[in-house]
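The two complexes that follow have subunit A in common; it is paired with subunit B in the first and with subunit C in the second.
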Partner chain A sequence: MARPSGPARAPSALTRSLADPALSASVLLLWGALALFVVYPMLMLLARIFWVDGALSFAGLRAVLTDANQLRSLWNSLLLATLVGTAGTALGLGFALAAERCGLPPWMRTVVDAAVLLPLISPPFTTAIAMIFSFGPRGLITYDLLGIKGFSVYGLGSTLFSETLTYFPIAYLTLRPVLAAIDANVEAMALSLGASRWRVFRTVTLPLAVPGLANAFLLLFAASLADFATPLILAGNGFPVLPTQVYLQITGLFDLRGGAALSFVLLGPALAVFLLQRYWVSRAYYVTVTGKAGAQTRLSTVAVWVRGALFALCAFTTLLIVYLYALLLFASLVKAFGANHAWTLDHYRHIFTDGWNAIRDTLIIAAFAMPLGGLFGILVGYLVARREFPGRRSMELISMLNYALPGTIVGIAYLIAFNDPPIMLTGTALIIVACYVFRYGATGIRATMALLAQIDRSLEEASQSLGASTATTFRRITLPLILPAFFAGLGVVFIRSMTAISATIFLVSLSWTLITVKILNDMTELLLGPAAAYSVFVIAVVFVVIALTSWMLRRLRAGGAPAASLLGG
Partner chain B sequence: MKNLVQVAFVALAALGIAPAAAQKTVNAYSIWPENWARPMFDEFEKATGIKVNFVRFSSGEALSRVIAEKNNPRIDVLFGGPVETHAAGIKDGVFESYRPPAFARLPARFKHADGQWVAIADDPLVFMSNNKFLKEHGLKPPASWADLLHPAYKNTLQMADARTSGTAVTRIFSILEVNGRDEAKAFAYMRKLRPNVQLYTKSGGGGTLPVGLGQAGAGIFFIVDALDTKAKGYDVSISFPQEGIGTAAEAIALIKGAKNPEAGKKLIDWATSPAMQAHFARYKINFVPAHPDVAVEASLAEVLKGAKIFPIDADYAGANRKRIIDRWIADVLNLGS
Partner chain C sequence: MSTAAAGITAEGVAKRFRHRVKGEIYAVRDVTLDVRPGEFLTLLGPSGCGKTTMLRIIGGFERPDAGRVLIGGQDVTWQPANRRNLGFVFQNYALFPHLSVFENVAYGLRVRRQSEEAVARAVGDVLALVGLSAYERQFPNQLSGGEQQRVALARAIVIQPRVLLFDEPLSNLDARLRVQMRVEIRALQRRLSITAVYVTHDQEEAMAVSDRIAVMEAGRVVQQGSAEDLYYRPQSEFLANFIGRANLVRGRVVAADAAGAEIEALGLRMRTPTPGLAPGAAVKPVLRPEALALADAPGPAIIVSRMFLGDSVEYVVRLAGETLYISASSASASPALSEGRSVALRMAAREVAILPERSP
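And now, the complex of A and B:
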């Protein structure tokens, strides 16, 4: 297949894609999958809300929007998300500054990075469990240590605290590369020109970091907005938030339409955040072009006392995280936390016997979702970044949709779409696998596109002009180059398959259940030992798998996908 | 690449088919927590060779699922749960009438006239309070509904959320009964109680451990959960209000359109007979047996002595359930803070 070289575009994207059977087949296959697992469920969800008895109706939505209590939970959700976004970004910035500007000793950096990883790979509820033990009315800290009586752990404060601790690592991992990319010499120059340290931070560092800060804030805002697990345990009844309300509306009252309408209210802010992040923040990154980086300056841009304060902040937060997880481990190893602290392995025995079905199902589902999600990510990423075909942009947008929306919405949409003919999938593993693939596989798309942007097209064109087909070129040239993105995608899909609950809580069945749902059940029954044991097990498995994928990545010597791409939403 | 995707999808489709049953099985949603349901189902398998495949849901969730799956039932039997749950399902037509051999022996309140549900146990509500908490505040275990309004309980009670839990629904109907079904009076009481409630829990037993640990001062629970907490070694008192408190029959029902109706009926035969209910005491499950031939275990009988307990009228509760829960959500739950 000879092709004109150079940047000249083919006469028509359509004729070009038609001329390439491998391309058109993959595009058709992907469109089919996206139509079935992204577009169709969303349309069914909208139909359920707005199409009543064969006529367009806004009654369901109106009922939600005129109900003072539901409006309050919307307001609570937005308030919580804003606070978590702000606090988490500030904490993440503190960590990033300490790591990049204060010469954090290497051993401390390792400890911090390891501790920060914990909340990212934990199943939901883990910090919530530990919070109740520490700060409840008879908590280790509030009652035993401080002697406060009748302290109420339920409400905005503890939900905010727990979510901030869970999600600030996202901000840290987003901001660290941003700060690293700002040449410290620029700051040093400003400093040597006589500006005060505060002025340098305010007028040089901060403006350069603004897009990164905005990005971190939006990621945290979205994560908090979608979080269903933490508020379910910690928010209590005085601070209802939307995702929890939706869940109770559907599982408790079986009001699918009401729940769907409620979740629709969540859709607005979630989409706004997604579009903001995509079309504004991602384009506003500044690059500090300074030519060849000079010798690293010895002039510290951070005052000694600020440095001390940042170290203290990092040390305190890290200790807090370590303490909360140590508590979780302890709870999994004693008979009855708070009452009988005799050592026992009973809870582990329990999860590997009575809980074995959930563990087996979760691992099987994760094992299927992981490669499929990884493939989905690089395939869409590659096609969108490298190939010309009609509907390229819309494919990118649609494939990100399930990822951008809160899990509750996606779960309900799947439940509505696949519970009745023509496509009945509820009760199968396929519905859970599909949910994970199309929700978390999307994280690989960005990583693939970012990697491809660094690889010259001429490599592929050379292969093709030597006579290789598209498929061969993809397999022999492109695929090895984008493997890091593939592994990053694998990592995210695996972590999420082991830890997600917001969407799949609606999709578990008699034949297929999940560890996270078991944890939720045990939490509501207050069987904290088994809940803690499941959590420890999940964290251990995820740690091993992530270590393996990172090792594979390192062996591929491709510099590694950016750590932030391991996060997902 | 394309082939790989296709192969994967075919494998996935195969995975989607529920595992074929080699052995005779019966599928159930259990409203009883796993630690009670599992030994019963193991005994059933030992006795009949039929394996029970089950998941546990709280009663609201279980009923919601059964109704949602009406056109394509996934289970054969809905096992356990306060009878008002089953009563509420009747009007949705999700159950199949079935009269097991024990039917004739059961008193009227332990069976639906047409056999839409049959009782397997009786479960009275109780007050459970933390002894350390009582001592700190110089209180006696609550002996009337009014005792729970005492300001010392402010923000310390835990009880179940009516949106998901049958325990809560039984509690609310108890309060209605005590107030002569005068809804205005009953709801006035619940609104007064609201500031003392720290948390409405998703499941009925959700507050037992917090009360045991002293995270909460007291709560209203089914006796089976309360005695279980006590048996675990937590320092708690169990008491009954002098005005009386409701008891709910725990029921079992056959699902309409069940895929394994014969196995399902066998499970119902077994569960409604002394064959299962005699095992309660052995496994330290403090349900009151529904079948008259099974004696109440001695220590349980001791606790129940002198308590004023009345049954919840299943028809009245079933007919008014949704309306009362809606009112509870609007008037009581959302009152707080």
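And now, the complex of A and C:
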């Protein structure tokens, strides 16, 4: 069955990539989309700050940098991010050590994993709301239990506490695999050379975990730096931070240029963290995690009392999370939290009648953003990881940009870019969908690339050698194998579409609004019951979607496909 | 299951890669090969010698920077891999993890849009051929290494390829299975009388399976020939050491005639069939361990170590500043020859090869 022979000529790499029409079409399409929804808004943002009346001007930036108040909010932001990074990494390390080095009993591990999932899948300010319920002026602990009147929950302390509790699961999920990947024999060897357990931990375990720790710190630092809702609820007037200042500048003072200039100050540290994480930490990572861990028992490198302390830490934190979420549920089911604790379903009735618009809009937007974001993720991930075309590296970098930058910046950029002709999208659902697709779809890129890194190229070559074309190979071999990344991407985009606020708060309109924005409004108007009911609803929906996605992922894995993490990226 | 065997010709093939530290390096330089239809050719060489790159160029996974490749007389240099109709067996087998054994093997047939009936028949036949009829519905991760190897083989031959290409197919198997599988691969290739190119770094494996071996070093083919050719007539010190073991010593031509020459080395007299040597010239004879023997009499050599290996006894001997390796069949080895004894040496082989003059 000989086939006709191909032409005997030597095409260049460029001609070859152009010769594949499917490849060049998808590359062009993606570049077009990235130019429109990533590059263009950023350029418009910069233009708004630095281009005044047809001339280059640094006046806006200078005004921000000479304003003592704004400088203080920059300082506060960096201080808060550093503290959250440190505290969250320490707490995450404690959890990871308990899970990987102390033989946490399986049931306890399940409870811990479920509890740390809660902050990850809730709207980012849920713990902040629960903090108000617990420690606010009419809080369960401050008012009812301790009888303190006029206690102020607002400020650095409670913001730090709330953000640490919200973001430490990221550190835990980052550090657990790092500790697991350290070869048990390396620690056993150090012990057999006569080192004490503390010495082994200090001289072997900890140094090997340093890239992981740095990574966890940077992730938490970035998360805190970008967090807008927690400080808005908890920081109060005495502790202004950048993202909230930007928001107030724009929505309170209607000063778009000033807000943009302020957000530019936020851009510096955020970009620095992103580049540091990308080009330094992630590289150091894989160098340390080498060798196969044997199937032997790990010698315990943790003393008995340390183990007890770590268990206590885990138990206390887990209970605290469960308590805060239980409080949220409670607040959604009583007439008026702190005043009248009679059971009622009024708040749920309210959100499904008066508040139905927000729920419907959010679900519609999530339903559109989910498949598009999932597709965007695997398409970019596949092209960047497996195909050769001009501008491959820059495509990866640019497609990660909206995800890496704080939502506040992305939101303002969209607001500026799509408010005027030629592209007017303000007030439409499309602007919110686009924001989610290019912001959270990017998580699928990492997941796809990680998955493809595990899939040897020889699989695709085997398919080719059996006569399959590139398109057939993609459809029948590559696509089924990266399907887990697609579903993980769908899950992440959906969860974030339900819970995100920092970017989209600038993009909602009378015709299209979001649940998270509604929660925030209710909180500022002290409508605590509906805010709690909305939060419970969001968490419930997200939980169902996670359960469905995990089920899909398990089914795919049963078919032999490699695993992908739902929270990948 | 018959295939029309095709020959393979490679002419002046070269391939460069960019290396992060060393800059541009040649993986393959100016390789010319001619594989006859139905022949089993092995590319043998140490890691990094370019043998896998050469195989991938034949398979269509790499484009050469120079030269051309012909299969069945047809220039395929720029033909994509999926149109060459070759069977490729990968080192890691590259089985599709999400497809069953049946679907893995059927893959190439489905790509060729064969009827469901024809697919079922062909897959059944080929699985029976490799002894895996009962495994149709299993998934690759449920199979042992040897079974996966057989599936990979079945998947490659079911499309009735013009040529079979093997990239170190046995390197992931344990020693016993490796020996068994190489016998099976050779038997299968004979039975299908298909042209095969096989890559390995294991000289014993190469000698066991091949009609002809092409030894590669630093991107070039340094010698081609049958296993006997390479073993008895190595063309360089590298080859003498790479195929089997060799004692390379200095010798001198004592007398020459039309049929060869008489040489003296280590105080022993030996013959070489190489003609045209001048009496008195310095030469390098290749003394294989079994070409030398220990005489059960006192002499100038000292036994440094003696290792009993079952079918043979291996000696390490010091003589005149040289360390020599000598192998004797255990049936003929005298127990009296123990470590520390001084013994005399004698020649066990009638003829030895000498390395060519220019060889390093």
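Just so we're on the same page, the second predicted complex is superposed on the first by the 514 of 569 C-alpha atoms of A that agree within 3 Å, B and C clash if a C-alpha of one lies under 4 Å from a C-alpha of the other, contacts with A are read in each partner's own complex, and residues count from 1 in each chain.
Assume a contact is a pair of C-beta atoms (placed from the backbone, for glycine too) under 8 Å apart; a residue touches a chain by one contact, two chains touch by 3 or more.
A quick note: this is a predicted structure, and the numbers were derived from the prediction, not measured.
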Answer with first, second, both or neither: which of subunit B and subunit C does A:22 touch in the superposed model? first
Using the touch criterion from the header, give the chain among subunit B and subunit C with more contacted residues in subunit A. B
I'd like to know which partner A:367 touches here: subunit B for first, subunit C for second, both or neither. neither
Where does A:474 make contact in the superposed view: on subunit B (first), on subunit C (second), on both, or on neither? first
Looking at the overlay, what does A:465 touch: subunit B (first), subunit C (second), both, or neither? second
For A:456, select first, second, both or neither according to whether it touches subunit B, subunit C, the two together, or no partner. second
Check whether A:272 is in contact with subunit B, with subunit C, with both or with neither, and answer first, second, both or neither. neither
Which of the two partners, first being subunit B and second being subunit C, lies in contact with A:430: first, second, both, or neither? first
By the touch definition at the top of the document, which applies to A:547: first (subunit B), second (subunit C), both, or neither? neither
As the complex stands, subunit A meets subunit B at residues 22, 25-26, 29, 69, 132, 136-139, 149-150, 152, 154-155, 232, 236-240, 248-254, 256, 336, 338-340, 354, 364, 368, 371-372, 375, 379, 419-420, 424-431, 433, 471, 474-475, 508-511, 513, 521, 524-528
Interfacial residue positions of subunit B with respect to subunit A in the complex: 1-2, 4-5, 8, 11-13, 15-19, 27, 29, 33-35, 38, 53-56, 58, 60-61, 63-64, 67-69, 71-72, 74-75, 136, 154-156, 161, 163-164, 197-203, 205-206, 208-210, 212-216, 232-234, 325, 329-330, 333-334, 336-337
Name, in rising order, each residue of subunit A that touches subunit C in their complex. 1-11, 456, 458-459, 461-470, 472-473, 476-477, 480-481, 559-562
Please give the residue numbers of subunit C that touch subunit A in the complex, ascending. 59-61, 63, 68, 72, 74-88, 90-92, 94-99, 107-108, 111-112, 139-141, 155-156, 159-160, 162
